[in-house]
Structures are given as C-alpha cells and as structure tokens.
Amino acid sequence: MSTASIDPAASPLVVVEGLKKHFDVSAPMLERLLSGAPQRVVRAVENVSFSIGRGETFALVGESGSGKSTIARMVVGLLERSGGRVTIDGTAVDDPTVGRAERAALRRKIQMIFQDPYASLNPRWTVGRIVAEPMRVLGVVKDARAIEARVGELLGLVGLTAADAVKYPHQFSGGQRQRIAIARALSAEPAFIVCDEPTSALDVSVQAQILNLMADLQDRLGLTFLFISHNLAVVRHMADRIGVLYLGRLVEVGPAEDLIDRPRHPYTRMLIAAVPDLERFADQAEPARGEIPNPIDPPSGCHFHPRCPFAIERCRREMPELVDGVACHRVADGEL
Amino acid sequence: MSLRDDREGFGSVWNRRWRAFADSHLLYSFGRSKLVMVAAVFAVVVIGAALAAPLIAPTNPLDLASLDLMDARIPPMWMEGGDPRFVIGTDDQGRDLLSALLYGAQVSIGVSLCAVGLAILLGVGLGLVSGYFGGIFDTLIMRAADVQLTFPAILTALLVNGAARAVLGDQRLQGGEFWVLVVSIGLAFWVQYARTVRASTLQERHKDYVQAARLIGVPAWKIMFGHVLPNVLGPVTVIATINLALAIITEATLSFLGVGLPPTHPSLGTLVRIGNDFLMSGEWWIVFFPGLVLAGLALSVNILGDWLRDALNPKLR
Amino acid sequence: MPTHLIRRLFEAVLVLVVVAVVAFTLFRFVGDPVNQMVGQDVSIAERERLRRELGLDDALFVQCARFIWNALHFDFGTSYKFRQPVTDLIGARLPATLELAFAASVFAIAIGIPLGVRTGIHRDGALSKTIMAVSLIGVSLPTFLIGILLIYLFAVTLHWLPSYGRGDVVNLGFWATGFLTGSGLRALILPATTLGLFQLTLVMRLVRSEMLEVLRTDYIRFCRARGLTDRAIHFRHALKNTLVPVVTIIGLQIGSIIAFAIITETVFQWPGMGLLFIQAVQNADIPIMAAYLMLTSVIFVGINLVVDLIYHFIDPRIRVSGRL
Amino acid sequence: MRIRKVVLAALLMAGVTTFGLSADPAAAKTFRYAFQGDLNSLDPYTLNETFTLGALANVYEGLTRRDENLKIQPALAESWEIVDPLRWRFHLRKGVKFQNGEDFTADDVVFSAERVRAQGSELVTRLPADAEVVKVDDHTVDFVLKTPNPILHAEWDSWSIMSKKWAEANGATKPQPQTGKELNPWALKANGTGPFVIESHEPGVKTVYKPNPAWWDKAHKRFNVDEVVFTTIKAPATRVAALLSGEVDLIEPVPVQDMKRIQDNPTTDVMTGAELRTIHLFMDQKRDELKYSNVKGKNPFKDVRVRKAFMEAIDIEAIKSKVMRGLASPSALMIAPLLYSRSSEFKRLPYDPADAKKLLAEAGYPDGFELTMHCPNDRYVNDEAICQAATSMLAKIGVKVTLQAQPKAQFFGRAGPAGGYDTSFGMLGWTPSSFDSFNVLQNNAGCRDDKGNGGPFNYGGYCNPKVDELAKAILVETDTKKRDALIYDAFKILTDEVAFIPLHQQALAWGVSKKVKIPQRADNSIIFAWAQKED
Amino acid sequence: MSPPVLSVRDLVVEFATRKGPLRAIDGVSFDIARGEVLGVVGESGAGKSLTGTAVIGLVEAPGRIAGGEIHLAGRRIDTLPKDEMRRVRGKQIGMIFQDPLTSLDPLMRIGDQLIETIQTHTAATRAQARDRAVHLLEEVGIPAAAERLMAHPHQFSGGMRQRVVIALALAAEPDIVIADEPTTALDVSVQAQIIALLKRLTRDHGMAVMLITHDMGVIAQIADRVAVMYAGRIAEIGPVRDVIGRPHHPYTAGLMGSIPGLRSEHARLKQIPGAMPRPGAIPPGCAFNPRCDRVIERCRAERPDLSPFGHTSAACHAPISRETEEAGR
C-alpha cells in the first residue's frame, strides 16, 4: 500500500455524512389494519459518517447484518439513501442542481467491484463486451477500434491477455473473473472504487493475487478505495484506516494498525479475539458471547450491550455517540 | 456483437460456436439416447415435409377443382381397392389423404408455432416488466395471471374464439380462423412464461452484473433486454418446446369441439375430427394417419422437450 | 394467519368480479340468443318483442350490472334453451361433474404420486425410464382420441364397460350420486380414466422432478449421513418436502380437470356441467355459459384457498411469517 | 409403501367393478333410444321442431293422428264433416281420460285452440288466426272459418289437446313464455291422453316414459314394453358405440358411414326409408349486387343461365353414392314424391359441366367468379359434406366458392329472416309440416320483403307474382285434380326458372337392435305405441 | 499408539464422464487416531470434501470409489453392502455439513429429527430417545433444550442451527465425525463458539474428527495434525505446528504466505501464480509443477510420493527443508 502519509482531512475525495438507510419491513397495509400491528422499520444503517482521502484505502468491517454492503451500495448510488449526504470531489452525488453531463462525469468517477465474480459478469456476454460496456455507455472512448484497443490494454493491466476478450466468463476461473471485473471497473477510468468483499468468494492463493493486483493498481493509478469486508486480516492488510460496524452503526474508526493492535471498543476486541490466527495454536481464548441480534428488533441503548462483558446499566438505556473514533460509554469514561 | 465479430467475420465466430456446441453436454446427451434421436428425426421429417408441402404433395388439397367426389374413401394403395394415385387413400371428399396430411401438418405446426411465439412474446415481456420493475406492474400483471389461470387453456380458447366470432362476425373471420386460433392458444399459454421469466428476472435483477450495468447508468429497458433477457431464456426454451406439443393438441381439441379451422382448409386436428366419424365404419385410414401424425408429432416434440429440460438443467448433470 | 386468509379472500373476490365482467362481456356477443330460443317460423316482430323482454336492448353496462347483482343472489337467469332456472340446471349437473373430477383426480394422484416418487428415486433405472417414456404418450394424445379409443376397446369390442352416461344414480337429498350403484361405478371408470390420464402424467412428472430436486438438497444428504433408512429419507423427508409445489400444481390441475371435463363429457355423454356448457356454447345459451364460468372460477378460487391452507399445514415457515 | 397399498387397493377396486358387476341388471322390457339432440320442452306448443313434437306425440294426442303411411286417422275426434266450406264439425271420442283421470271434453278442445294461438306458441299456424272454435255440445266442436281451407286439419296430428282444468290448476293456460322469465310447469310436467306417461325428465340428459294403463285405444295397443328411456347422445361415434354395445335399442340419426358396421353387427340392423325433407341450394336473386361475391354492380343469379349452370354443375349421383352412400333420392322438385302425385313428371337437369361452363360464358362469366356459400353443419345428414362436395364441383366450372359451414344456430341466425337474409348462396332443408305443396309454395317460393313477410323461408328471395297467384288459388281449391294441376303449373315455373337447386330427399336411417321391432314413419317420428321388444 | 479409528489407503475416486473417467481423488492415504483431530485443508476443488464423502460412503453417481481401502476401527467399510454401510453412517461416523441453513429438514421439528436419528441407531423407546435428544441439545449448548425440541429449524439462528446439526451428528455417539467446513457459513464471532464447542466435544467424548476446511486459521485453532491437499492428492501431512511453522512442500509454503495475518507486516502478500488445475487437466508428474517456483526436471516427469521429513511427510522432489538445512549448515 502506498506508504506516503495522507492527511484525510486535507483533501478528502469522498465524504459521507450521516448516512442512513431505513427499510420498511412491516406487513402489507391491509394486514396491518386488520391485526393492528405497528409499522416496522429496520434501521439498516444509521448515522454513518466517514471521509476518504485521495489515494487512501478506507475499510469497513463487520459481520453479517452490520450494514456494510448497504453502505457500499448507497455510496455508489445503487441504493437510495434514507438520509445523509455523499460528496465526491466536492460534488454531492444526487444534487438536483447538478446537470446531466456533470452527473455522468460523476458516475465515471465511481466504480464498484462486487463480491461474487460468478454473478457479477453477464454469462451471455463476451469478456470484451463486458469490459467495454462502461466505456460505451459513459462515452469514455467512442471509436469502436479504440474501444477494442483499450479493452485489450485493460485486460493486460489485470494480468489477462487481449485475446481473452472473445471468450465468455464461464471459460475463466474465479480469480480470472475477478480480474475481468476489475478491468470493467477500470474501463470507466474512475478515481474511486468501492470494493464489496472482492475476495471473499476466492481461495486464499487467488485472494493473494487479487489483493496484490489491487494494491498495484492503486499505486499505479492513484485510486481511492472503499474496501468492504468481514475479514479483519484482509482489512488490516489492505486498509489505511478501518471503520468497524455493528448493527448499522460505526462503533470504532481509526488507523488500521492502531485499531487492530490496540482495539478500544469491546466489540472490536471481541472480533479480533475471535479471528483464528495461524500464530495462535489451539489456545483457549474465551469465545465471543451470543450472536448478532435480529436488526428488526435491536437491543435498546448500546446495541452491543447484551454481548458485552463490560456492559453497565447505562449501556442498556443510552446509545453512545461516536467520540474520538469510538462509540462506547465506558471507553469515553476512560474506564476501559 | 462480440467485440471482435466484425474483424474476424462470421465464419470463425460460428466456427467457434459450432465447436463449443459440438463439445457441449447438449449434443452429448442427444447422441446418447436413441429415443431422442428417433423423436428428432420424426419431428424434423414431419416439420420439413409440412413446410415443403406445396413442393412434395402429390396434389393440392386446397384446390377444390381438383377434387373428384368419385375418388372418395379409396383405401391406401396397398389394400384391395387401393389406387396408386393415393398412397394412403382418400377421405370422404375424394381428397388425397397424404396431401391433406402434409398441408394439415403445415397448418397445425403454423398455428402452434405462432401461438407459442405469441405466448412467449406476451409472457416474456410481461414477466420481464413484472420481475424487473416490481411494484404496481408486478401486482397488476400477476393478478391478471391469476385470473388467466382461472380459465384453463381450453376454456380460454373457447372464450377467445367465441369473442372473435362475435366481434369480427363470421364473414370477416373467414380466413382469419388461423389467427383466431393463434390468439386463443397464445393467450392461454402466456402465464407460464410470465411466471417463469418473472421468477428468473427477480433472481437476475439482484445479481451483480445487473447492478454493474445500473451503476454506469444503462437505461432499464436496455438492462432488461440486453442483460436479463438472454439469461432467463433457458427455461423459456424448455417450456416453449413442451408448449408446442400442447398447442398442437389444443388446436386439435378445439377443432374437435368445432371451433377450429374449416374442413376446406384442414389442420391435423380437423382431419382427425372428420376422420373420427369414420372410426367405426371400417375406413380407418381417414382417422388413422392424421391421428398417427398428430400423436407422433406431439410425442416427439414432447420427448425433445423432456430431453432439452434435462440437458439444460445444470443440476442434473 | 386469519389476516392472511382475509387478504386471500379479498383477492379471490376481486378475481371473481373480473371473471364475472369478462364472462358477461364475452358471452353477451356469442350468437343471438333470440334465434336460439325460437323455431324457424317465428316472425320478426315477435323476435323484437322477445329481445325487449330479455333486456337485450339495454345498455351493456346495465346488463352487466344486472348480471353481477343477480349472480350474487345465485340467480343466473333462465336457460334460453331448457327454460329452467340455470341454478337448478347446474345444480342438477354439478354432482356429475364433481364426481367425475373427483374420481379423475383421485386416479391421477393415487397413481401419479407413487409413480413420480418411484421414477424420482430410481431415476436411471430401466423401469423408470420406460415409465417416463410411456407417460409422454399420456400428454401427447388428445383427450378425445383417448376417450374414443377406450370406448372402442372396452365398450364396443369387449363389452366390459358402458360407453356413455352415468349409469344409475341414487339421490341423497339434492345430490345424485353414482358412487353407490354398480352401474354408476362402472360408468365412471372410462371417463375418469380418460380425464385423469393427462393429469396423472403431469402429477407424476412433477413429483419426479421435485423429488430429484429435493433428493439433491443438503438436508437429504445429511439424512443419509445420519444413516437413516432409505424409506425414512424418501417418504418422511423427501416426499413431504416435494409436497408444497406438488400441492400447488395439483390445485391448478383440479381446476383444469373441471375444464377438460368439457371434452370428456362430450365424448362419453356424461351428464355434467361440461356437457351443459358445450351445449350452451353451441346454442348461445348465455345464462348457462356465464354461470358455468362463474362457477368454475369459484371452484378454482376455492381450490386455491384450500391449497393456501394446506401450505400452512405443511410448511411451518409460512405458518410463522404468514406470507407466501 | 403406504402409497403402494393405496394404489393396489385402487386397482383392485377397479378390477372388481369391472368384472364383478359387469352383469347387466335384469331390466324389465325397457326400450332405450338415443337421439343426437335434446328433448327441449314438455310443453307441446313451445317448439315447432320435428323431434320434440314427435316425442311428445307419445304422451299427447291431437284430434287426428297419422298412421304408418302418414295417412290421416281419427284420434280424439272420432269423425268429422265439412258442413259447408267455412264450417267443419268434429265429433269427439267419448270415454277418453287424461292421464290425471279427468274426462276429455269439447271444453278442452276449445281451450287448446286458444292456447295454441296464444302468444308464445310456435304452432300458431296450425289453426287460421281468424277461425272461430265453437262448442256444440260436450263432444262436438265446430270450426268456423273466414276463408275455405281444404287442408285445415292436415297438421293437426301435431296439435295436441291439453286439459283445460289441469292447465288452469297448474297455471299453465298460456304457452311456456319464450323468455323463460316466468317458469311454466309444463316445462317439466305433462298430462295428455296418449299411450305413455312421462315418469321423469332431466333436460338434456334423459327422459323416462311408462305406459298409460288407462289409454283409450286398447284395440291398437301394439307395444309390449314396460318402460321407454330416451337419452341424448350427441357424439355420433358414442351413439353408434352405445348401440353396438347393446346399451340402447335404437339410435337416430345413424351416421351414414357407420351403417355397414351396424348392419354387419349380428345384433343390430339399420332401418332406412325416404324422408320428406327436401335438401336444396338457394341463390340470392333479390339483391342487385351479391353481398358475398367478387362480381360487383350486378347479381349473376338474376341471370337464369347462371342458375342453370350451377344446377348442371352438381353431380347429384356422386353426392348420392359417395356422400350419402346411397341413402338419398335425388329430387327434381322442392317436395318429396310421396307428397305430390305428379312428381314423376318432373326431371332434374342433367349433370353437364361442359354445358354449365358454356352457359356461364354466355352469361358473361367465362372465367367464373368468386362466391361465399353458407351452410349449416349440424342440421341435416352430412350437410357440411354435401356443401363441400358442391364447392369442389362448382370449382370445376370455374366458380370459386368459399364455404362457411356453421352450427345451425349461427347459420339460421344469419341466413334467415332474423339476420336479414345475410347470405348469397347456401343450403336449406324443408319439410312441409302439412305434407302439402302449398306449404312449399308459400314458405319457400313466395315473394317476400326484407323482413320475411311473404315467404319467410325463401332464403334466396326468389319472386314471381305468377307463382304467388297460383298459390292463392291452390289454397282455396278443394278439387284434388284441379288443385294438382295448379300445383303442376307452379312447380313448372320454378323448375324452368331454376328458382332453386333441389338436391335430394335425405333418407331416414335408424340403427336398431334386432330385439326391437318398430315401424319407421317417413316423418321420422318414433312412435312408442308400436314398439315391440323381444327378451 | 492405539490402532487408528480411521485408516484410508490409496483412495481413488473417479467420475465417469463421456471422455472417460476423471480422477478427482488420486491415491490419498491417511490415518486418524482415537480422539485426534485431523484437519484437511486445501483450496476449492482440491478434493477435500470428496474425501470426506468417500469415507462416509456417499459418493454419488457418476462418481465412484475406484481404488484403495477404507478401514473404520479395523473393519473395512468401503466394500460393505449398502444397508450395512447405512448402519455405519450416523452410528460410527457422523458428519457435519457446511451450511446449517440447509442441512436440516425445514418441515420437521428438530426434536423429531433427533429422535428419528436416535431411534434409527439404538433400541431406545421414543421417551428414551426424547430424553437423549434433550441431553444432546443441552450438551451442544442450546438453552431451554426441552422446549426447543418442538421448534422448527427456521426458528433458530445460524449458530444455533449448526449446534443442532452437531447434536444430530453426535446422536449415536460415533467414533469419528467428519466436519465439512462447519464454520464457513458463520460469522467470525459465532465461528469461534462452534470451534470451541467442537473442541470440547472431542475432548469429552474421545471422539476423532476429520475437519475439512479451507481456513488455515481454523485448523491452527483446533487440529492436532493437518493434511494439505492439492489437485486430489495429499501434498503434505503432519502435526499442525510443524506444517505451519516449517512447511516442506512449496505449495504449503505458498499457501501460508498468501494468508494475510492480523499481526503480520503491512507488506505485499506472497502469491502463487495461476490456479489449481481442474481434474482432467492435471499435469503429469507433480500436480503442482507448473505453478512451483522450485520446479526441477524430475517434477515434470515423475509423481512424488509422500516421504517423511521429520514429523511431517511431503510429496515433493525439491522440498524446502533440504534447502533450509543446507542453508543452515
């Protein structure tokens, strides 16, 4: 990863403020009327704010139901936000005053790499057509011959050959497909790529290839990444800064090394303790307690309190604020 | 459409596709079952002969002037009283049964193909819209499908037929029976496609390749037809094949109930209906041969559909 | 659950109203009822008078509203041809069709499910392949042809079974049943077989493919890994899990059995609703046709509701969430 | 495994029912017959349709009846005399009882005469509308006419006498209304004086008759059956199968192609005979331009040469031998030979396609023309096949005919008065219900307007005032010889002008079990009173 | 050392295809001792799951065991008649599958599924079986076990379901449990709990476990020995600490290097070029040779056998150990 120290506050490329996503999961109206059930809302993402500097990799880590993929999709605009703002390079993404052309330009800047390379490539399209699509649609390159040349170039960039353009996705292994997906993302010449669990469907040796490739590309092209993963080790390896999510809220944010080596929030601690590590053979660490509660019906106060070994009465009542990169009453009070 | 198609020319593309096909499971499983091969040969022969009817039929059964009532009910040529002009005999109007059969098969296959085509057009279109957009479209289309399901195929066909007769009047219907049948049967079949395509579309819509297209701002209709459609066509092919057989039978049944094609322009079904009157009279060939071709055609298409379903189902490999 | 049921009922009513409108508008235009009702010798003035009396010259929506209003009171008017209340006519014919449909369904299900299970379990066996191949004949021969062949074989040639009609019936109140007499049961065999054959094939093939699907699932593999007997796996686990889609399709099929009875009843002169309907179509007897359509829809919608309830019975997941 | 048991049980049950119960329940002498259509109503005035009237004639009786040869016989009237041309006197039979036990009297005749002419009756033409019916005493009735009518009682065998008291008690004084809005008990009940009583009636399914023990005509009681069961079997193949398998004793009609099969079957036979219905083709000669033709601005059928060419193009012998399998008698006239004594003096135009072509060319159609033909397909024996045959025969002289064959409901709806005679060329069959030529001249050949006033069944709209005049004279002429001469003149004009193309009288054909003996009358009625069945 | 519970010798599994048989498992041998946890690790397609399936006798057509022997507690089981093998399954060998969401019959109460399994393998009455079921659920850590018997699978969370699956696998107290990726579908925090549970059960029951996983971390946590599989063959097998700490096979070493660690340096990961060959495209000689950076001529021609290097055995013509030793000298 780029070693140059970056001050994210100086010139953040991406600013996310107060991001919210609420899903209405209540029964159909008729049924609600009949049974008198209340309207039910899942707060999948609640008040999430972060910013990412140019060339930086910011990672969001969390278990299932933490809202990390939801955030990714809201940032790129695939999912409507229930609240909050996303600003890229100073422009708010769905600013109504922004013109058509500008919006297209904005769209070019953001790309995404998806989790499952088997589902993210249209099986009926040739690789060439897949990679060329963003160029064509966004008008990055217009001339057919130039497009073809560019596709070959991009395939070369991700470690494939130009000849692969005429093949279909099923002729490739999982790792190669993820390379194609990366080539497609790069084809729009973006500045910012959201990577949603880009390696979790891959084998470790292939994961290493892809992670290395992404790091190389970032160095060469000066890309900015939002990196979503459930795997702390991968996150630690890739990210400059890490945000930890629990039930739709950021519980801790900080530089990668600090956060992994000196976790502050009890949940972060638990997560790190739970990661099986090659260097810890069969030790008897106390496993984490309980499971993630159903987001439809989250616990009161601090959502983590039923699993938290340090919970006090206050945690049951009061939702802690994110202060100084951590959202915990007891940390805030200096007790941990 | 593939990036290099234009430079490589069709030859090599098709060549490659052919190699891929020859290598595929489809062809392999085809070669493995004798039954499937026999069915395919039968279907190809019947369909080919039907399409080529004007070229190969000994007479033109639609040319009424060529009929001679005195030739009526001549048995097949190998039987006593047979006439070498009429290989498998004649019907009660003196029509050469072989020619009638060829033209009849042409009509039946035409009706069925068009009906299935219409059903696909309707069903796939509505299914795509329903699955992709959801919401009110979905509700409306699926409720319509529910209502449609309340009227099983044969009832729908009777309804449409009756309505067409009433709206168009018999006179204007004349010659339009073909299209009335097509619409009757087509309308009865669309639900299956709509439901299947909707279900697949719901799945595909959430796949990341669709998301990737949305991300770069590809318009919805382009995603639906360019991305989603090719990926939901697999089950459609299978249903279409099986429906083709069903359409052939439905057409015959409608003819049996007297709302099919007129005897002057008979389909296989009409021929069977007419021949049915001769089932007990000893002039068995009038019903036997059309019945045989009808059942054989439906059977072989069904066998092909069965095979296609198994061969296209990756889980069964 | 009750709210779910109420919603389904609400939808059912909507479907019925649409069907009513469709039925009315379509059949209003088939043939001219007046020509049907009178013989050749009746004067034109007389015909005009009849037309007025029948309300055939009212505005269409008035006729339609009247139709639906009356239908709500189980009043479908009087048959033009039989000159009796349609409700009585259908009431008299309903038992015949329902008994035929019932027998055909029982035939199709009782043979189709075991055959489907068998061919699903032994999918590569020679017998299974034979059954599958033969079963295709069941969906490839038009029903009327099968019926005629059966008549030819069993009635005309062998003299084993009657070729037409319902045999003797026993009146149980308003319901005339053929199940209680020898001749009634004998008369049932050929039509029920003819009618059920197509559905049998469908049920069998459906059960087979669902069975194949279920047998590939993880929980069946886990059952095997636990050393459960084949019998327990196939019947206690696999079959039960195939039932959800099978029940749906069987529900739909019962609806189409009633529709297909039109053909079977025509061939076997079975005195049921289907025969009444096709006679009505030929005679442009609008009240009967409209009532028939409404009735089949009610039956169909009813079956769907029952299927819904059966789901709840079979599948605990639905029971809890209350959604399909 | 449980399922296997269920299947086994089901199969077992099927087996038991197949073999265990296959013995026919020993029925008393039951005569079963099947017809392709339904018995539509039990009110004898509701439908003027051959089958319904024939079936009800077993339950009801008229003042007259016809014997096996259609000769008029006294029935409820013992005798009658023509007091003067305008007054007929009928002496009613004494001691006749209705099936509910009431006596039959002159009141019932007067009542029936009113009822048959009331609104809703289709049999209004049985009695002149202006005729007066006068009760002389309990067993004598006078019919007072405004104009002479030598054939007054010709159709009275199908005018049933109903009980006045019973009708009043059952609220059935008016014929069953056609709208069916008010229900009439006659729809499901019957009370006549005839030899049979209706035991049960399921419309469209079956009707059961039992003998009437109190029937007056003991002398002529020829039947030995204890029960008659009528069933509708619409599908021809099923009907034949039912006869062949012995489930019914008589079927009607027999599909012509199955006759040999029925004859060859050891237990069944076919009864054939000439019927009175004349099948003919009509041509629109009224419109100035044909509605369904490519000839514009003129009507080719107005040219006698075209009509003649059409007739010469029809190979009636081929139709007889191939379509009708011999079961038809080609006819030169619009009436059956049985009903007109001088029929044999008329000859059909010969089959001569070459001459037909020549005639067409002379008329200005050397290459023929195009035309649509309308036909019923479920009314007459092989109606559609005959039309098809005609179509291909006309094709040979260059006339390209598009055939539109429809169920009778639609056909009569379009081609008849109700549809405004919406046709150019088609087929019709006609039986004069009075068995008299006047009926034909009036109904089929009488000039008509667009609404059908005049000759309502003159579908082609042929009009010749001379024929109308002759018809008027025929109606009032009482001398048989003179009358026949007038009829000859009228038919001569029709034949010379080729007003119609008469085809044939179709044959009657019943399939019967050899156990049954029943005479076949030319009007196609099945008279139970003559039915004999062996064990 | 007591005789092994499970002994697999030269196991070969083939799939019949139209292009002839495909060898998916090619000569795999290993032993598992009583109470021992053997981790089987490898990337997808290495044949690790198939090995487990072969041991329990559930290879489905068109696959079949084409060679080798499998002994369970001294008795050869790969040749047993179908019905006897069925009795072995569940009774002597238990199995746990990857996805707890799909492993349980959704339509049957979990109590019934447990009771059914218990009654299949023991003569217990229904009441006895029920008591045992409650006991089993308690043992795998399901609170209010008696009430939960009446619940259907969908009423459990993922982790709880996996506990139920484990209870089912243990119902007849088998000698060995084959756990096929038991934690892959679970969240990290739940994974830790399940690993702990498995560890406890092994200890308490003296049960042997064949743990199939792609996650080296999980192996490190729980296994005594580990077998590294590559392209249907065992590349290296030995005690966990030795294999992880001093891998001899270049593939093992590459695999270790490609795993990002929590505490490792913020540096570039080691990567093995290419991908594992599909069955049918396995190169002659050592299956790993096209991807190996230590490849020698012999690797392309001759297939290496497992040979011991200290406590571990590796199938390599150019193992890392020798070099390391040489370097050390």
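The chains carry the letters A, B, C, D and E, assigned in the order they are written, with residues numbered from 1 in each.
Rule of thumb we're sticking to: a residue touches a chain if its C-beta (ideal position, glycine included) is under 8 Å from a C-beta of that chain, and two chains touch if they have at least 3 such contacts.
Predicted, not measured: the structure shown is a model, and the values here were computed from it.
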| item | value |
| --- | --- |
| Fewest touching-chain hops separating chain B from chain C | 1 |
| Shared chain contacts [chain B and chain E, defined touch] | A, C |
| Identity of the chain that, by mean CA position, is farthest from chain A | D |
| Pair with more cross-chain C-beta pairs in contact, given C-D and A-E | C-D |
| Chain centre separation (chain A, chain C; CA means) in Å | 54 |
| Length of the line joining the C-alpha centres of chain B and chain D, rounded to whole Å | 44 |
| Between chain A and chain B, centroid-to-centroid distance (C-alpha), Å | 49 |
| Distance between chain centroids, defined by C-alpha means - chain A, chain D (Å) | 88 |
| Numbers and ranges of chain D residues touching at least 2 other chains | 237, 241, 244, 407, 410 |
| Residues of chain C engaged with two or more neighbouring chains | 31, 148, 152, 156, 266, 282 |
| Multi-chain contact residues (two or more partners), chain B | 165, 258, 276, 279-280 |
| Chain E residues touching chain A - in the complex, by the definition given at the top | 43-44, 157-160, 187-193, 195-196, 199, 214-218, 220-223, 240-241, 244, 254-264, 266, 268-273, 275-276 |
| Partner chain C, residues of chain D touching it in the complex | 1-4, 6-7, 10, 14, 17-19, 21-22, 25, 38, 40-41, 46-49, 122, 125, 176, 178-181, 183-184, 187-188, 202-206, 231-235, 237-239, 241-242, 244-247, 378, 407, 409-410, 412-413, 416-419, 451-452, 456-457 |
| Residue ranges of chain C touching chain D (in the complex, touch as defined) | 31-32, 34-44, 47, 50, 53-54, 77-85, 89, 92, 106-107, 110-111, 113-114, 117, 148, 151-152, 155-156, 159-165, 168, 182-183, 185-186, 189, 231, 235, 266-269, 271, 275-276, 279, 282-284 |
| Of chain C, residues touching chain E in the complex | 124, 217-219, 221-230, 232, 236-237, 240-241, 314-317, 320 |
| Of chain B, residues touching chain A in the complex | 1-4, 6, 8, 16, 207-209, 211-218, 227, 230-231 |
